[in-house]
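Following: one structure in structure tokens, then a few remarks.
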Amino acid sequence: MQKPTFDPGLTQQYAGPLRRIINPDGSFNVLRRGTNWRDVNPYLYLVSAPWVHFLGLVLLGYVLVNSLFAAIYFMLGPNALQGSGDTATAPDRFLQCVFFSAQTVTTVGFGAIAPASRAANLVAALEALTGLLGFAVATGVMFGRVSRPSARIGFSERAMISPYQDGSSFQFRMVNRRANSLIEPEVTLMLMTVMRADGSHRREFNLLKVEREKLMLFPLTWTVVHPIDAESPLAGKSAADLENLQAEFMVLVKAWDETFSQTVHQRFSYRYSELVWGGKFLPAFGVDESGSLQVHVGEVGRFIAAGTGN
Amino acid sequence: MQKPTFDPGLTQQYAGPLRRIINPDGSFNVLRRGTNWRDVNPYLYLVSAPWVHFLGLVLLGYVLVNSLFAAIYFMLGPNALQGSGDTATAPDRFLQCVFFSAQTVTTVGFGAIAPASRAANLVAALEALTGLLGFAVATGVMFGRVSRPSARIGFSERAMISPYQDGSSFQFRMVNRRANSLIEPEVTLMLMTVMRADGSHRREFNLLKVEREKLMLFPLTWTVVHPIDAESPLAGKSAADLENLQAEFMVLVKAWDETFSQTVHQRFSYRYSELVWGGKFLPAFGVDESGSLQVHVGEVGRFIAAGTGN
Amino acid sequence: MQKPTFDPGLTQQYAGPLRRIINPDGSFNVLRRGTNWRDVNPYLYLVSAPWVHFLGLVLLGYVLVNSLFAAIYFMLGPNALQGSGDTATAPDRFLQCVFFSAQTVTTVGFGAIAPASRAANLVAALEALTGLLGFAVATGVMFGRVSRPSARIGFSERAMISPYQDGSSFQFRMVNRRANSLIEPEVTLMLMTVMRADGSHRREFNLLKVEREKLMLFPLTWTVVHPIDAESPLAGKSAADLENLQAEFMVLVKAWDETFSQTVHQRFSYRYSELVWGGKFLPAFGVDESGSLQVHVGEVGRFIAAGTGN
Amino acid sequence: MQKPTFDPGLTQQYAGPLRRIINPDGSFNVLRRGTNWRDVNPYLYLVSAPWVHFLGLVLLGYVLVNSLFAAIYFMLGPNALQGSGDTATAPDRFLQCVFFSAQTVTTVGFGAIAPASRAANLVAALEALTGLLGFAVATGVMFGRVSRPSARIGFSERAMISPYQDGSSFQFRMVNRRANSLIEPEVTLMLMTVMRADGSHRREFNLLKVEREKLMLFPLTWTVVHPIDAESPLAGKSAADLENLQAEFMVLVKAWDETFSQTVHQRFSYRYSELVWGGKFLPAFGVDESGSLQVHVGEVGRFIAAGTGN
């Protein structure tokens, strides 16, 4: 069995022609089975969950904690709280307990309802502590959510098979869509192909050499160029060949984000059907009337097709 | 005296046949003596302590601070606080001081009890400040606790001595049990053996070469393979030899966690008694009916024994 | 077309003679067009914005949230809140709602105004939660702002073309203006020139070799020296040549900040007009009367001009 | 002039025989002059300042903010606050304003004193916001203080000139005094000597090669060994020579702290007078009665002197 020349940590197993390996949002097309609740880190979950899930969970926790403490105050009897109306019906009294609980756990403490009995005072002291610790966690998770490092690199929608020196090359283009500085961006380019051997299918992975793997700075666009020389696995391949091989080009970018003071990672992929044979990228920056350099972030993918135009 | 070929930072001293060096939870079998309180970083302690210790300490601190301030309010006399009931007995009055203190330090401030005298007002102003600063520390430590980076890599329970190319190999398998992305995982594999020389025992450490020390991504399982070639310290060793040498295989894994934006480390070890001679790992992933790749996280250790089956 | 010997991630396009590439504050002279609101990370924006913008936004949010909840309380009718004065006019009542809202969202909760109806109690419970979550974000962003790693390296205002060994050299000097420790500082020096070919202009970038790219520690001044040897792109160039080429020397510094426990980056640049031909830096440190080493941070740029004096 | 073989970022200038370069606490013996207030990063200052300074500044800020707002409430007249006693004297009224301000800025809000006029309500709303933002900063700085990564490596008090293989060696020993894991510790060893040439003194710095610059783990003690071979600047030097050269051995350690998830750095130095010629370190670990390895952290410096004993 022929060994792949490079192991990206993916599998050689072939899962049919319909799926790409890396989705446009950078996630992998892999399902995970057999995990259990101990494999879930609550913080990682809360930091990654959509806002509506996160806020829903916070609200749910708020309601549960309030209900629990309200039930305790209620069970402590009508004299536990002052200001809650001695003549109130039981449902009214329970609602008063809920409102008092909410005012305690958030440390608002209006005082229109206040603990009167010793037991209620003690429970309220514990509830205020619970509230402070609970909101400490919520504060931490909120901070984790909003400050979570991420890159927002824009990729050209299409990759080009462009003329290059004496031969041709695989090219795609990137731009930092945000205004913050990315420093020392590095790129890794990988080709996935599906090989047929003995009637079965097998994935194969190859690193593709790029002209420059790393820049110092990244204020403009970056055209990543893989020269298709004799050593390239793309050498001599036609568009039909790449379709036949179900070629997928995987891109991994890594950079230092100056504002986050963190390393950020982003992934992207191009399938054979997203190549433009003979296309060329058009400049995405220019000089405006005042003499300043301008990057047109939205034009990172602008190209001219060979012959046919675009 | 023969020099070990590699120094992992451990000792050659031999501590008897019963102990492994790295426990399954990744900690070392080393006791520390002679440290004093200045060697304890409170933050490191609070961040690492079990939840029940941490919450117990928070509660203890809460009770102590409340008792201290309650004692001060009590000593300021019956007119220090309003709403606390002028006709109260001393124990009742002290309890009122405790409740007032709790309402102040948590900044709940119901107001049913409120500071009346100048001195009480001043102390309450300081207690509220104390409370805010104290809960600031608690918030920070809570955040440190919940956001503390960690990996949860699942290791196969057994390591295999499997056929490999023309010879054999030492193999174990790992999977990321969590759903978050680990990037550029790196592995270091180390063999510890106990040598007998001149009637005494001495530990020896050797790095074992692995086929691939680093992957780019880690969405699936990773079978780490040490080929037992002529240079391997395992060359020509039988199961009995490894038992005799009390062989322990130490695994150190390092990866970049995309959600934490941090490097995470994890350790594991296999003893000679956890090897399966001639065993082979069975695939832990497959393609489901919809054509998607699936990893079965719980089957990272699934293998077939040689001849005997499993 | 001649290929530049080094790609810093900038462009060869020439934008007129008036602009430098790196501004003295380290930012790039590049305008960005075509970005949209999805390209703005709110956290990055809030962390980078000037204090007056940030505080203005916080105040605006405070006013908006208060107005929104005040409107809700107002619509709940005169009996929603107690203590707000039953005979109040509508504008007065609305103001009371605003003040109550502010007391609720900040969790002050004086209680002089308090929720009376069920609906008002419920809204107040939600508003207190909103306040805690909102201020959790504000706390996180405040922490992000104040704790954002940065370096404050002082650069000499002028760079020197100084005698060096048998030839000459390009030199500039740096000092850490802060009292904290910078460890393992690294420098990258880059020359940008504008070449004329076929009537058009093109930028060219070259890395300049420096005597030492990295120090272990940085408690004193650091004179970075690029020897102008035969391989240097400065070899044989006169002041007029550099003006003609519109030479700009770009400096990138990277170090580990011990207090932030983070890598920090800083940029600077010298244009041809900021060179002193034949100048020499004067020492910026000395030994005081007590025998201690002293660095004069403000004298990092002190030099003596050739012949003419300074 | 002879060039030093290595530049640690320190100076060749000689500051008299009395001073060491690195103090035992790791700081440098360098005074900084000419900095101004813009060179002070408030966060770095507040995070590094002693606790008593930090808490003093917090208290000062609290008093100032309270005084400022109290003055405003006072100027708003006797009807601004309710519950503050209409018949109070001016000093009494001012004190009431101070207490109300403290209850507002900490968001305690007892309500016994409450804002009555529109203006007072508005100012109180702003003061509560001010308090929340101010304590957000205080929370961040507290977190920065307590969570600031640091190492606590214990160094042997003396370094040894010990027999080693066929010759001798410079040795010192380290231990992690804390219970947390330090991973991949790295050491740099540097020799500083003072040379006399032409009647003046000049410092010279040399890197000393060590047997192992890096370990994988650091659960035990680490004896760092510089073999004094022919290439060593110590070759052939006697104790009198090193005193004459005022030799100082500087140690820089770097490791990954698993609990902080951060790189930590620590420095130490040995002067010629802290060497033990012919001494040998005694083991600092052993096996206890239960067969467990034990490190005696306090015995990291235990040695036996040559001949004379210790």
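Assorted remarks:
Labels for the chains are A, B, C and D, by order of writing; each one numbers its residues from 1.
Quick note on the criterion: a contact is a pair of C-beta atoms (placed from the backbone, for glycine too) under 8 Å apart; a residue touches a chain by one contact, two chains touch by 3 or more.
Keep in mind the model is a prediction, meaning the values are calculated, not measured.
To fit its Cα atoms onto subunit D, subunit B must turn through 90 degrees, a value rounded to the nearest 5. Here subunit C and subunit D face each other with different sets of residues for the most part; under half of the interface numbers are shared between them. At the far end from subunit B, in terms of centres built from Cα atoms, lies C.
Averaged C-alpha coordinates give centres for subunit C and subunit D that are 26 Å from one another. Distance between chain centres (mean CA atoms), subunit A to subunit D: 37 Å. Counting partner chains per residue, subunit A has residues 107-111, 139, 143, 260 touching two or more of them. Partner subunit D is touched in their complex by these residues of subunit A: 107, 109-111.
On the subunit A side of its complex with subunit C, the touching residues are 55, 58-59, 62, 66, 95, 98-99, 102-103, 106-112, 135, 138-139, 142-143, 146-147, 150, 152, 177-181, 183, 185, 212, 215-220, 222, 256, 258-261, 283, 285-288, 291-299. Interface residues of subunit B facing subunit D in the complex, by the touch rule stated above, are 7-11, 13-16, 18-19, 28-36, 39-44, 47-48, 82-83, 104, 107-111, 114-116, 118, 121-122, 124-125, 128-129, 131-133, 136-137, 139-141, 143-144, 148-149, 188, 190, 252, 260, 262-265.
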